[in-house]
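The two complexes that follow have chain A in common; it is paired with chain B in the first and with chain C in the second.
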Partner chain A sequence: MTMKRREFLTTSAGGAAALTVLRGKAWGQAKPVKVGYTLSGTGPYSVGAGITQGPNYTLWQEQVNAKGGLLVKGEGRRPIEFISIDDRSEHETAVRFYEKLMTDDKVDLILPPWGTAMNFAVAPVANKYGYPMLGPTAVSNKLKELSLPYFYALLAQPDPIMEAFVGLLKDLKAQGKISKIGLAYVNDLFGIELYNSATPHLKQAGLDVVDTKSYPLGAKDLSPILKGFKAAGADVFLGLTYPPDNILATTQAKEVDWNPAVFLTAVGTAFPFYRDRFKGADGVMGIAGWNPKVKIAGAREYFDAHVKKHQKEPDRWASAFAYASLQILERCVGEVGLDRKKIKEMLDSTEFQTVGGPIKFVKGMNVSTPGMVGQWQKGEFEILWPKSRATGTPVVPKPAWA
Partner chain B sequence: MALVAAPEILSPYYRSLALAILADVALAVSWAFFSGPSRYLSLATGAFFGAGAYVTAIAGARLPWPLPVLGGALIGCAMALVVGALALRLRGPYFAVFTFGLAELAKHSLIWYETGVTGTVGRLILAPPGPWTLYYTVLCLAGLAVLTALLLRRSRWGYALAGIGADEERAETLGIDTTRVKIGTFALSAAFMGAVGAAMAPRWTYLDPQVFNPFVSFQTVIMALLGGATTVAGPIIGAVFLGLASEILLLKFRYFYMLGLGLTLIVVVLALPSGLSGLAARLRASPSPLPRPQP
Partner chain C sequence: MNPTLLVDIVVGGLITGGIYALVALGLNLQYGLMRVLNVAHGEFLMVGAYLTYSLHTAWGVNPLLTLLVTGPASFGAGLVLHRLLYARVLAAGEAPEALESRSLLLSFGLLFVLQNAALLIWSADLKGYSYLSIPFRFLGSVFPANRLVAAGVALAVSVAFYVFLKRSFTGKAIRALMQDPEGAQLAGINLSRVHGLCFGIGIAMSAVTGSLISMLFELTPFIGLPYTVTALVVVILGGLGNVVGSLLGGLILGLVETASVYLTASDIRLIASYGVLSLILILKPSGLFGR
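For the complex of A and B:
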């Protein structure tokens, strides 16, 4: 029985390989560069994967192939061919498929899956087979504990994010615009890590937290928390949220008729669909990383190309960093070829110019991008903090709910 | 034999596929040796599996392999004893609903504990055992589960369980200690589920309470029913069939595999009420009165 199964699978794999060859021929002489990844097409991770990573992967492939392919040092341009699979939001499936990509399909490069937990699961496999993996959607203080030399994180991690949050709040307090904070966080790794970072920063900044509440992932009603904050006289809502509870908190804040001077939430706020859902969401603040107004070469072009290809805007936090990770890989391959050890050496030693700004890795962590806070203002997510990155100034108190 | 030698000749991917399928075999077989004859539909597989996985996450770094697996078995067993004492008085859908709630209860208790006591949620498994070690561990578990199912079938205990499934009052009247038989078998099946969870956890490096996944519970039921829950071969066939079918559909038809899988399941359930193993038995037992399709 084992033999039969193996035969069957080998035949399937053979078929896939034949297809690859045919596709390669269609491109002309150059052998394609095989790039493998899994993204969640189904299951809970599919929303984020479909907003932040998938569109950027396909945009980059189209752009590079339009130029004649990926420039490989010493070989000229070779078309990019993706081998991608839906990991069904299952860690086991993702681990297995990355093993397949690296040992069976023998891809030249890999791109990461979506989300922190998925990156945790796959990064050790990538490390084992010596494939550099640049994760644009992995945020956790625990990434450092893993110490995997082939893993690189592009986003600002929880501590820098909280530094930015508290930096802005402290500044607003000094101006006399706010005084009391109501803090709520989701009881999941991300929310808890943000909360653990927030506490010392808030204390140090002398900010007054009148109430702190946590809630489980998948909470269906946050109105008691919001009502409590309102009754306690809080004029800042600091919500360390995931997208579903972020949407819920925003909807319910309006329902309980609470419009604090600052409404600051975490993940999801930077998605264009958040803005569209809340009629502009004017005045709502959240984690930011990027917008098309930043003074970075290529930023506006990236935005326009993304809108043109996908008829939707990139999100204002991680999207540009997903694209930046591809720019980084592109540059490495152009300068050192497809030798993954050399790519790693270059990743460790180079400062890269990307649509997300300069990026430099130290021990696999991007040290060039600070945590940022943004605010929806007339349709754009303006970056408010840190001031060195700002594209706008805070509107406080926020306008009434639309 | 082929399965024992498998890691020597298989590439890492096929080894992983075999590992995942063996884990499903162990889950489906251990589910079926309780739920099949007793007709108590348990949806607690995800809870026992998750608890076992957490044992590895918490104690894996301190205990040499395979002690975490043993720990997983013990915790699964202990949970089942408590739950069984409470819930096995419930019948039919009530028992199913209760066991389904167990995974959620375990998940939220764990979140409460982790946030309250350790101050974080999510754990890293930093020094996982090698892939071959995991493979053989799961192979052993699958083998043991099958052996247990075979022994159980032929034992007085197994007949008692089947008697409970046929008519619980009658079984009790006939002098069977129904509570003991039910809880004992339930705990034994949970021990396997916990052990499988503990053995699979190192694959994912990172674990958080989302590992208490109701999907595991449903998938186990589907695999067992697909193959035929009242036989020993049935759940094995179901797990292997579903594992291979979903993998092939996923690889070849990325956008249609859910549809394909759904259709396959509907067809099998409609056409083969006693599962795939029932089909085999039917073909063997009597020449079909209907004309067989010509090859």
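For the complex of A and C:
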């Protein structure tokens, strides 16, 4: 993604075109709704920010402004104006800028930055100034423990994700398709939380974990771990990974000639980039949440609009939830206006229909979306588990590496 | 210890170490000779990696052949950068400490310029390709073929450079300047020209390493800095201005890291490598081969 270091978007590119046409009519008088956020345009978070959040923000802005603006209760439509900067993947920069947005720019609404750690850093600021913040890329069991009434998490959290992982593995074991698991996790808050959530579920399900290994963030060689799992006779690779080490593990599994029946990794698998990088990546499983085949109103339209605007597909996990968070905000503002207390009340009490399916918050956590597992099959990341959400059935053992 | 494990550690260590050695050699040439601490060293590696990526994915050029482009191109860029930026700072004739801090500022600037240029050209999305991504069986163990090739080329370039230093006239001039800058100049060696040459070679080594690692890892505009840090560790480990030191230092660091990963856990890697560095600095503060 190409985000400028400091861009004050008075209007989006598409919005600007519409603006010239409509100037002097209703828009001439309508004061813009100021929406502030930071996203990482540079630094390690920029990869994820540019895939999952940035494209959805600009897509939504363009669509809403094309309709004449954001419908604000009692005021009619007002154009959306973004105020944003590149936080350079630095927590302090993000916190400072959000503070400035809320006190100095006095924005009407905020959108969250990308990633769990960033959301952790910014959520207390949003809470302090009473700005509802709907995070589509924050995954941590600790979110529940913190007292952050203005923070809302859209994704399934580590516990339900691991429940789904283990649910599928247990089912496969009952069918006699797998028996031994090699478990690797990235030694970072996220990996450790997933690991801690996975362990009791694995034990309860009676699954045999033959080896467990952790590795540091930024690891450059995972072949020792993979060779170890192979030697131990594991037929499941369970990798609680981040994108760079996910890709490394996938590359190296092939290079050390290991093709386990199930190759199940965490973050990054659902990125279309992953599929393109590994010639289809057929058979690889990972955390899922969404694909264009789900039977949800608007899902396909969202997919097409995303591809049309950005010439790239949304990812198959969190992208749709990033867009869903904007749909939710849009509906709230339409029904209660820009009074943030009222928006919060509505968030706490309403079930929203979004491109990611129904979403209902209980104590800030989306309780309607379960943890899901997907698998790349012929170019689509089919949802396998839970069965109620499935769009495909598991292919086990996975085909040979391409 | 079972023999396969030993093979795993030694070969794995040499693979990692070969890459470290080449990137460190380039830095050592700049820092050891000119006292220019080029913190943008890893950025040239990043640019080299992207060039190879683009040549390979856009035109299907064999990644190994791209070394013939990235090497000379970055050497030329090094010469120009030296003439435009560093030669002026170095010619000011100030105390070595002032030179170091000024050149440090310069290279920090370069780091940001290169990172942001890469961001504009290639974006922050992960980029990568598969080349020789196949298993290679060796003495009862299995290794990624592309890593063996990358390390082999890196070691070959390092050794070739060593021979160049030992045998050629220019190589002797470089060594003379490393040993005694004033004496070498009295003997008629053109300081500025040799500096430019070394700066260019140093950057070319970094870019060539980048071309090699593009076969192994995904690229982002931010992959450079960790390599600068590793190179710095190797340079200090092997001794400032010592070419053999960088070569062996790189291999030692690679072996220590790999052994620690196989024998304990991956998380120990950093502790082990910095532990060895600290130990050597305590026992021999000038580095393994430093004087």
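Some observations on this one:
Methods note: the second predicted complex is superposed on the first by the 375 of 402 C-alpha atoms of A that agree within 3 Å, B and C clash if a C-alpha of one lies under 4 Å from a C-alpha of the other, contacts with A are read in each partner's own complex, and residues count from 1 in each chain.
By definition in this document, a contact is a pair of C-beta atoms (placed from the backbone, for glycine too) under 8 Å apart; a residue touches a chain by one contact, two chains touch by 3 or more.
All of these numbers come straight from a predicted model, not from anything done at the bench.
Legend: residue contacts after superposition of the two complexes on their common chain; A:Val256 is shown touching chain C, with no touch to chain B.
Look at A:Asn187: by the touch rule set out above, it reaches both chain B and chain C. By the touch criterion stated above, A:Lys227 is placed in contact with chain C alone, chain B being left untouched.
By the touch criterion defined above, A:Ile83 lies against neither chain B nor chain C after alignment on the C-alpha atoms of chain A.
When both complexes are overlaid on chain A, the residue A:Asn196 reaches chain B alone and has no touch with chain C. In the superposition on chain A, contact of A:Ala390 is made with neither chain B nor chain C. When the shared chain is aligned, chain B and chain C each come close enough to touch A:Thr42. In the superposition on chain A, A:Val210 contacts neither chain B nor chain C. For the contact definition in use here, the residues of chain A common to its chain B contact set and its chain C contact set are 1-2, 5, 41-42, 187, 214, 216.
Taken together, the chain A residues at the contact with chain B in this complex read 1-3, 5-6, 8-9, 12, 16, 41-42, 84-86, 88, 91-93, 95-97, 99-100, 103-104, 116-117, 120-121, 123-124, 140, 142, 145-146, 187-189, 192-193, 196, 214, 216-217.
Interface residues of chain A, counted against chain C in their complex, comprise 1-2, 5, 41-44, 46-47, 49-51, 187, 213-216, 218-225, 227, 243-244, 247-248, 251-252, 254-257, 273, 277-278.
Interface of chain B with chain A (complex): residues 2-3, 6, 10-14, 16-17, 20, 108, 111, 115, 119-122, 124, 126, 128, 200, 203-206, 208, 210, 244, 248, 250-252, 254-255, 257-258. On chain C, the positions that touch chain A within their shared complex are 8, 12, 16, 115-116, 119-120, 123-126, 128-130, 133-135, 141-147, 216-218, 220-222, 226, 258, 261-262, 265-267, 269-270.
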